[in-house]
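Structures incoming, each one as structure tokens.
Each of the two complexes below includes chain A, the first together with chain B, the second together with chain C.
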Partner chain A sequence: MKKATPYLLLVPALLFTVFILLYPLVQNLINSFSDVSMITGRSGWAGLRNYGHIFEDSLFWSSFRNTSVYAVVGTVLALVIGLGFALLLNLKLGKINTIMGCLYTIPWVISPVVAGFAWKWLLNDNFGVVNYWLAYLGVAKVGTTWLGNPGTALFCVMLARIWQFYPFAMVMFLAGLQSIPQEQYEAAAVDGATMIRRFFYITLPNLKTVSSVLLVLGVIWSFNDFNMVFVMTRGGPMNSSMVLPVLVREFSFVHFDLGKGSALSIVIFALLTTLSFLYLKTVSREETL
Partner chain B sequence: MKKVLISTLMIVLALLVLLPVLWTVSTSLKPLSEVNRCPPQWVSPTMSLKPYSDMFFYLPFSTYTLNSLIVASSSTILTLLFGSLAAFSFSRFTFAGKRIFLLIFLLSQMLPGASVIIPLFQLLQKVGLYDTYCGLILVHTAVLLPFVIWLLYGFFQTIPREIEDAALIDGCSRMTALRKVILPLALPGIGATALFSFLGSWNEFFFALILTSSDSTRTIPVGIGLFVGEYLDVWNQMAAAAILFSIPPLILFTLTRKTFIKGLVAGASK
Partner chain C sequence: MKQTTFIAFLLSISLISCGKKSDVVELQDWNFGGRPRLIEFLRERVYSFEKSHPGIKVVQSDKSWNMIREILYADFSAGAGPDVMNTHSNFAAEFGESGFYYPINKFPDFEQVKQWYVPQLLESTRYKDNYYGLPSSAIAFVLCCNKELFDKEGIAPPKTWSQFREAAKRLTKDTDGDGVTDQFGLVLMGGDKGGFAYRMIPLFFKAGVNVMSEDLKKIEFNSPMGVAALKLIVDMYQVDHSITPGFLAYTHSEVNDLFCSNKAAMSIEGPWFRGMVGDKSPGKDMYVVPVPVPDDMIDKYDTAPTLQDMVMYSINAHSKHPNEAWELLKHLRNEEADMFWITQDLGATATTKHALSSGEAQSVKDIQLYINELNHARPWPPHPSMIAIASNIFTPYCQKAIVGELSPKAALDQAAKEAQELIDPKK
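== the complex of A and B ==
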């Protein structure tokens, strides 16, 4: 009986995980190899047909490219901005630091839906502030539809995503900066190292662990992100900002092609599992050091 | 001199970062005639709180708010209950398969929502939980549990075992020790975790969008997300809804910011 206690304690949490996360995953795998319709359900095996349909679809490839750009470029930029803010907050100017630290984290706390709404309104063609200012500076005209233009839509959504993610990077970088032993800087100062040299030879190497963890986590999360794209553009115009999670919904609940939707979701799963293993490897390698 | 310069830079950056929020606040206070005006005005004499009452009158936001409150608080209670049992097991027992169980939770945290949504939709429809509070609460609980277990595990680890051993020697059972010794000591951590859970469910959009279909169960983010496309003519009411919806997270976050960040950093660096 004593021996069973730790397992019994895990049972409720495991039941949730199994029924709501693992069972659907397995079911999805089965669906992806089947003919399934929303109304009649499963009606037999389809082999690799669903996957074939996806890989033949040019929309899949353009969405894949969009998702990768959105995830990788967005995360890298968010990390750079987060690091900049963390360095600024690490200057220790007293009370102003605490207040600014709070203000800079606000975008992170706000719901992605609200963030998407706020950015969409800010970038509004006729009544948004951004266009008005850009017109004032002579860069763009009032009436420029940033979100309605296939060339700029994805970039605008990415901007909103960066805005939401950089505070997380900032908080983690700040913790990393504060754990760097002060002696290293003192020794460097004695040796006459410039501020730039100290940054490249002490600060950056010490932040290697936290940067790699943030990079992988950020790419995984952004790759998975449905909210920002759905709220701001729904993947449009003309699918120019379509990303894979939004495409799953499109296939399954707009075109009612559950087989194709399932196959796509399994493809996403495979891609993300690879990334997750990369993450686990990064974390465990750092642990053994 | 240097200090003044840096402080000014920080304030300018803060304004830049908060631009979308400030613009939304400004919009939420303006009548429609002012909202649809070029050049845009940050402040105008006609500003009032009217959009805030209008939005409850014209859009179904009072129902959405109630739905969000019910779903988020129920999910929080369930995740804390089951999460603390699991975290207690991980932090206080050594047993065969512990690493595998930990790995299952860690990996399910990485599971993309898009990879499970279709069967989940079918499952909930089959058992009659589609478009119900109960269905959404169960799904939110499952989605939040892995990260909650991870956070609580970190907090429980910081409580010295000696205190618990003393309680056991005094004749407490393991469960009494959990209830009377560990839980009170872990209270700040549990508070921060509860906040995380609540916000996670409160802000969650993807599952709430797909697993509900009627106004009587939709949560606020779904309302906002759907209306952004449809009711473009009432930007001021949408802005008011967005601002009201963001206030609880902001307050909760400010209150528990320190503990939460400490837990997050500790968890990620271990």
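== the complex of A and C ==
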């Protein structure tokens, strides 16, 4: 009995893993190799046909490009902004730091759906605050189209995503900054290093691991982000802001082609697994150091 | 001994209660969308149904109209779903073909019930030889004109495409003199793929364009008049700049806000629009007129078809209690129930002959126009792939033409080619 106890204790977690993670994953994998439609049900083995259809579809490639831009550029910009705010908060200005820290973190705690709707209205061409201020500053005119313009829609959604992600980067960077040994700065100051040199030769190298972790995490989360894009543009206009998670929904629940939808989600899964592997490698390297 | 007797007593009681419970038939009734007044009314109808049918219990659930297709597909394909539900009438083809809807013409009293409805509305629920629902509320797409802006400009609502374009141009202006256009002639819902197709196709229908051939085997929306209809909108957007620039991102709320705030003068909408505008801007009035026709079809202004859409009540083909579901369906949609669509503004038109010819109907705003439009209107062709074609092919290609990526002809030709591939029998 004693021998069995640890295994018994593991049963709930194992059941959870099997039914919530493994079963859907295996089912999805099977679907991706089948002709399966929500209308007609499963009608046979399709082999690699669903994957072939995806890779032949120009919408997949444009969505892949959009997703990559959305994930990589969006994350990099969020990291730069997050680092900027972290440096400001690291100035140790007493109570102001606490207040500003709380304010800067607000976007992170807002639900992506709520944030998406808020940004949709902020960017409205006629009533939006963004256009109002841009017009006030003489940069753009009221009526400038953002979300309805195929050239700017993706950029606008990315902006909202950056706004949501930068606080997380800021908190992580702040923790990283506070763990840098002060002796390094003191020694540099003795050697007459300027603030800029200290930033590039002490601060940034010390934040390398945090940055790598944040970059990989940010790209994974953004790559998988459905809410913001769906709420703000639904992938439009004319699929100009279509990203892969929204495309999975299109294939599965608009075209009702579950085979193709499953194949695409397996492709995303493979991409994200690779990124997760990178993340784990980065984390383990950090632990080794 | 006492204990055994007590257990036996408990068992008997539970068996009796189980037996009693099985006498009551439980029906699931899903209601998609609807204004609060309608939902309240449906609750009352179900309550009165339960009172008159003590052996039937109805469990009502309210669901999102926007997710209706996904929700029903997911449930039906899993062999689940409600017994009774309100749905789009154009699902009759898609769900009827898939065997998800119960053919209600199988019920013995169907011929009698059929007489309640305006015949062409009931026809929208038919696919091949079966009827898959009872009409609930009908919609004809019309042109809604901002009365305040039209009166100020001293112009009448347009009847022809030239007048439409001219009116939109005249109503596009910089009202505060800051050099920026802040009032536009037309706003359309372009941010919802399905919604956009529903607002474009009335222009096609009014020009005599068919989406598909009669036998549903050939796509025809790329006919010369179809191209002309799309070119009209393209020119208004690209040349006249009389359509709100950001309309490709708009959903209901933006269209409503622009109309209410006098930033847009016209929109192609349905009977719900007056209520929506009234909720936001009480007292705001509008001219509701037919969607304009091509100049050389002015004689058909009142008779050319617009798009007809309809909500119907259907029964799940897998329902365990189809007879009880049919009783509920009739109670929800009989002539008495239909009067509620006359006495209340629920954003759609009644569907029974009794309600539409009642004395109360005569005082309902715009009803004569809607009745006339519905008499000539056409629904989407009853093809199982129609919804997918409208949302995923027709809309993106029309929008490509509007922003200038493709010419109207190239856009419709490509859309027709893709749609044709979808409906052609698979090799």
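Here are a few things to note about the model shown:
Keep in mind that, in the parts below, the second predicted complex is superposed on the first by the 286 of 289 C-alpha atoms of A that agree within 3 Å, B and C clash if a C-alpha of one lies under 4 Å from a C-alpha of the other, contacts with A are read in each partner's own complex, and residues count from 1 in each chain.
Quick note on the criterion: a residue touches a chain if its C-beta (ideal position, glycine included) is under 8 Å from a C-beta of that chain, and two chains touch if they have at least 3 such contacts.
It should be emphasised that the depicted structure is a prediction, and the values quoted were computed from it without experimental measurement.
Of the two partner chains placed by the overlay, only chain C lies in contact with A:M238; chain B stays clear of it. Contact with chain B, but none with chain C, is seen for A:F85 once the two complexes are overlaid on the shared chain. Set side by side, chain B and chain C differ in how many residues of chain A they touch, and the one touching more is B.
Of the two partner chains, both chain B and chain C are touched by A:F127.
Within the superposed three-chain model, A:F269 lies in touch with chain B and out of touch with chain C [touch as defined at top]. Of the two partner chains placed by superposition, only chain C is touched by A:G148; chain B is not. Of the two partner chains placed by superposition, only chain B is touched by A:I220; chain C is not.
With both structures placed on the common chain, the touch criterion links A:G192 to neither chain B nor chain C. Once chain A of one complex is fitted onto chain A of the other, the partner contacts of A:F253 extend to both chain B and chain C. In the three-chain superposition model, chain A touches both chain B and chain C at residues 41, 120, 124, 126-127, 142, 234, 253. By the touch criterion given at the top, residues 3, 6-7, 9-11, 13-14, 17-21, 23-24, 27, 35-40, 81-83, 85-86, 88-89, 93, 95, 98, 101, 104-108, 110-120, 122-123, 138-139, 141-143, 145-146, 149, 174, 199, 202-203, 205-206, 209-210, 221, 224-225, 228-229, 235, 238-239, 242, 245-246, 249-250, 253-254, 257, 261, 264-265, 268-269 of chain B touch chain A in their complex. Against chain C, in their complex, chain A makes its touches with residues 38-41, 120, 124-127, 135, 141-150, 153, 233-234, 236-239, 250, 253-256.
In the complex of the two chains, the chain C residues touching chain A come out as 69-70, 73-74, 77, 94, 98, 179-182, 190-193, 244-250, 254, 257-258, 261, 263, 384, 388, 391-392, 396, 399-400, 403, 405.
Partner chain B is touched in their complex by these residues of chain A: 3, 5-7, 9-10, 12-14, 16-17, 19-25, 27-28, 31, 41, 85, 88, 91, 93, 96, 100, 102-107, 109-122, 124, 126-129, 132, 142, 160, 163, 171-172, 175, 209-210, 213, 220, 223-224, 226-227, 230-231, 234, 244-245, 248-249, 252-253, 258, 261-262, 264-266, 268-269, 272-273, 276, 279-280.
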